[in-house]
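Structures for review follow.
Two complexes, one shared chain (subunit A), two partners (subunit B, subunit C).
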Partner chain A sequence: MGHVRLTAAAVAKRSIQRRPWRSFCLIFAVLLFSFALFAGSVLTLSLSSGAESMANRLGADVMIVPAGYDPHIDSILLSGKPSNFYLPADTLERLSRFEGIERMSPQTFLATLSASCCSYPVQLMGIDFDSDFLVKPWLDATLRRELKDGELIVGYRVTGEPGDKIKFFGKELTVVGRLEQTGMGFDAAVFLNRPTIAMLAKEAERIIKHPLAADGSLISTVMIKLKPGEDSVQTAREMNSALNGDGIYALFSKKFVNSISASLKTVSWMVRGGLLFLWLLALVVIALLFAMSLAERRREMGVLRALGASRSKLIRMALTEAFLVSLYGASLGVALGAAAVAAGSPFVTEALRMPFLLPAWPTLIFLALGAAAASLLTGLSAALFSAVRAAKSAISDAMREA
Partner chain B sequence: MEPVLKLKDICKEYRRGGTPFFAVDHASLEVEPGGYVNIIGRSGSGKSTLLNIAAGMLPPTSGAAELGGVPLTGKDDAELSRIRNDGIGFIPQGASALPTLTVLENVMLPFCLYPHDGDGCGYARLLLDRFGVADLADAWPGELSGGELRRVLIARALINRPQIVIADEPTSDLDVRSTRDVMEAFAKLNADGTTLLIVSHDLDALKYGKRVYTMSEGRLAEGNRLAP
Partner chain C sequence: MRRLFSALTALLGAALALSPFVLFPVCTAAAAGGGHMKCWYSGLFITAMGVLVIAAALCAWRGRLVAPAFAVAAAAALLCWLVPNGVVPISGDGWRAGLCGDASHACNAVTMPAVGKLVAGTVIVGVLGLIAGFLRRDGR
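Entry: the complex of A and B
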């Protein structure tokens, strides 16, 4: 003979199971809200972390690029789109005449090909180890030595583990490290020293004619760090008025960050507005569904009261059901939100053309718990009004209604 | 011997179209332990209102109601609910089982609403067996016939061993045979010592009771005043 335990939770569970369509509608309403809340929060936070990371990673106050290439620089910084462009040979020398520069470091770009010569198409970035202040701090902290010839570091999203061999232009190179995620184009780039990139350009000559093969000292960009107190906007302006006619263009790095921050603000407000709308909608829909559900069961409520359930017990029973429905919806919504974020973040980066950096695990877990808690509270608040109303009905009136 | 249920000069006043009227008009009633009282009356005579007051579900406008010497008036909702749960086995009109619980769970429901000593599940099965519906323990209420369901509801009313069982039109929607089965079940219960107060408009139910009252326009009078 089986033993039966009939707690408020068991009664609520039975009610949910035995009324599948009504339960589905309620769970779905909560699910939609928690999905949007979690995915929206992660999206907003990832974009803002991406922008912050970009500002920190860029580390440079002014960037020098060939004139006419400045519109392309954001696609390199943001998506790591493979590109080849080079500055005039005397750029470094001409830049050194400007006062206010604390450090400057040249970088040489080489785009690999989608062909049998190369493991994959990617942006190769040749860094100058004597002057670099972007990648070197990471190397000092992790690799604790210089990048030797024939070695490379891969960005966060580039295939290859330390010790692996990767082939570019028929030449095998050794992976010695992987950069942390930046949410920028650096994640899709490969870093080498400048002699190695010049050597690769020579190898590339077998397939395509390349200016870097003839002159290994060519540089693509110069990252400039200004002395404390120097105005990057003013310095970039002065450089442009002096050098622009010679094919050299100075950009103040904040320009990217500022324009990204502006776009980010718009997106964030859109996401927040959408979430507020969804919250109101969810509150109304869940409240309506609970009101309908409890009105439909008014006689049941009356019977429970007649059997001895007090008003507070009846409210607790209704809220237990609302809690379980909201818990199912919230958990499913957060799980689906997590799956959507994992699957959709590359598309979001591409579509919004903004840096995207997923928060760390503890933050993600906190966001998931927060979204679930907010959904639970929404479900409970929406049910509370109907539950109190149902419990306040006169027992005889409630039971008269079949 | 002190009555199980005592209603003294009960009035219940409502307003209809702005005009006050008495649904129950100075009604008094005493039900002795082991008694079997039938209240008959036409629809709208006020018998269900009186029953709701007797069951602690509706406060009277004036008068006093007592169950086992404990006043039902002037108590808060929690106290009154506990009295209903422990002291009164109420059988509402119609199919009043919870459709989402099995027959056994429906019977156990009043037992589980508050902490009670004993084996509620075992006693619920015993009651189902006593009313000949033990094989339906795991069925859903919607799968039962009217007569079967009514016997389940009687079992539910008895789960907390109440001082009195109060039934509102227990045979209202049953056929002749089911009506007879249910009334015989009540008679047997009473023979075993259970106190019963039943409201019905079915005059055939009267042959199973010990005392009869007639309700008419809110007034309660002893005897069958509806007889031709």
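Entry: the complex of A and C
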């Protein structure tokens, strides 16, 4: 028969294995807390990064869309859900009459067909390179020149590397750049110049009739930058009272960003509330199970004390048990949290209608380590009180009570 | 307990392996260019991962490398969800694993919902198996 040294770790491991159901409950409580802490932190951080990215990227003060199409622009900006809509032909001319506009840039949208199997339906966005002030600043990092006819830039989630050829409506186009991740619908969009998008619309007409094929000058939206000091809310209101009857609707960007910030606050509070509840639950469950376990082992503690084990050694043994159980639960919880984040992240924008941008790797690793450390500390602090109480009782009392 | 979790993992692995072409088939039509669709390659990947889950479950059943076996089974099952959804991209010369663009296609409407449930089941059983492995007395 092999001999086992009576170290704190060996006794703790034996004790964990001797009461599997109690140990299972302890591990599960820590696992649940670390899972929620990691996944919840990543969720709130990703949503706030997404909202920040959107506020930074959405450099326009006012967006002009066809009346009744403001939910469509929400979908395009948030999830890149493809949409086709066009403004009346004289929109730019009518907008130019308004004072306070510093720059305005038209964009033309064309959605690829969702019916063709396996070709992911994407939003094609035609940019006017002479007037653009939204997309060009990001392109400066990848492409330091104008987009030529037949060229395109892909969003972060669209397949294709520079030099690759991509077919839309049977026409082959060359990928010349890829945008960095934004957490918005732009990640699933493809950017071209407006002549190219008009040419694609003509190609699309082989399958379906398309208004853009007949008139290549059609525009879907106008992004407006106001002169410094101009009030975007007031300007949008003036535009709406003057143009709304003609099917033109002005949307001030801040309203969009503000509604996302308000939703973000609600989600953050819900996550924080849930985490606090789970933390208290884990703390109570671990403390209770440890108190019960150590009460059951008073005789064992008494024998160990009689054999010469010091009080500090008994505390060390109980804390080692709590440490091992918490470490295992915390590691599994963080691993499960990472799996849940990876599996669920593509669907968060769709489900919550908010931009979602995962933090960088170093931040994710820091969050994982932080969640594991917090869970470990919770387990240890919950067990500390019972451990000190059990070690303090007199040897004779412990033997007699047991 | 270990053997119960191993058997459950093996069953779920078998269901995963059979899902894309037998139980809940992916789209069967040919792609526009004449080759296979993206979901067909995803189906192949899911089948391969299902076989890996079964192998890991057998390993755990025999008491060899119990913790790594359950961890591998859970990770392989998770990949069955991540690869078709494009979170972990897998592609080669002229092919790419993924799903069809249309939500009403068989791979989106039938295969992936079933695979999702099997993946969740395998991951949960894998985690329970890992805990059971940790709580197992030495030598048993």
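Methods note: the second predicted complex is superposed on the first by the 381 of 402 C-alpha atoms of A that agree within 3 Å, B and C clash if a C-alpha of one lies under 4 Å from a C-alpha of the other, contacts with A are read in each partner's own complex, and residues count from 1 in each chain.
Heads up, the rule we're going with is that a contact is a pair of C-beta atoms (placed from the backbone, for glycine too) under 8 Å apart; a residue touches a chain by one contact, two chains touch by 3 or more.
Since we're looking at a predicted model, the values are computed, not measured.
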Go through the superposed model and pick first if A:Q234 touches only subunit B, second if only subunit C, both, or neither. neither
Which partner does A:S15 reach: the first (subunit B), the second (subunit C), both, or neither? first
Contacts of A:N244 with subunit B and subunit C, given as first, second, both or neither: neither
Partner chain in contact with A:T7 - subunit B first, subunit C second, else both or neither: first
So, does A:T266 touch the first partner subunit B, the second partner subunit C, both, or neither? neither
Have a look at where A:L307 lands relative to subunit B and subunit C in the superposition and call it first, second, both or neither. first
Of the two partner chains, subunit B (first) and subunit C (second), which one does A:S23 touch, if any: first, second, both, or neither? second
List the residues of subunit A that touch subunit B in one complex and subunit C in the other. 17-18
Show which residues of subunit B lie in contact with subunit A when the two form their complex. 48-49, 52, 55, 57-58, 77-78, 81-82, 84-86, 90, 92-94, 96-101, 104-105, 108-110, 112-114, 121-122, 125, 140, 156
Within the complex, which stretch of subunit A touches subunit C? 16-18, 20, 23-24, 27-28, 31, 114-121, 157, 159, 328, 332, 336, 339, 342-343, 345-346
Could you list, by residue number, the parts of subunit A that touch subunit B in their complex? 1, 3-7, 11, 14-15, 17-19, 299-300, 302-313, 394-396, 399, 402
Where on subunit C does subunit A make contact in their complex? 1, 27, 29, 31-32, 37-39, 74, 78, 81-82, 85-87, 96, 98, 100-102, 105, 119, 123, 127, 130-131, 134-138
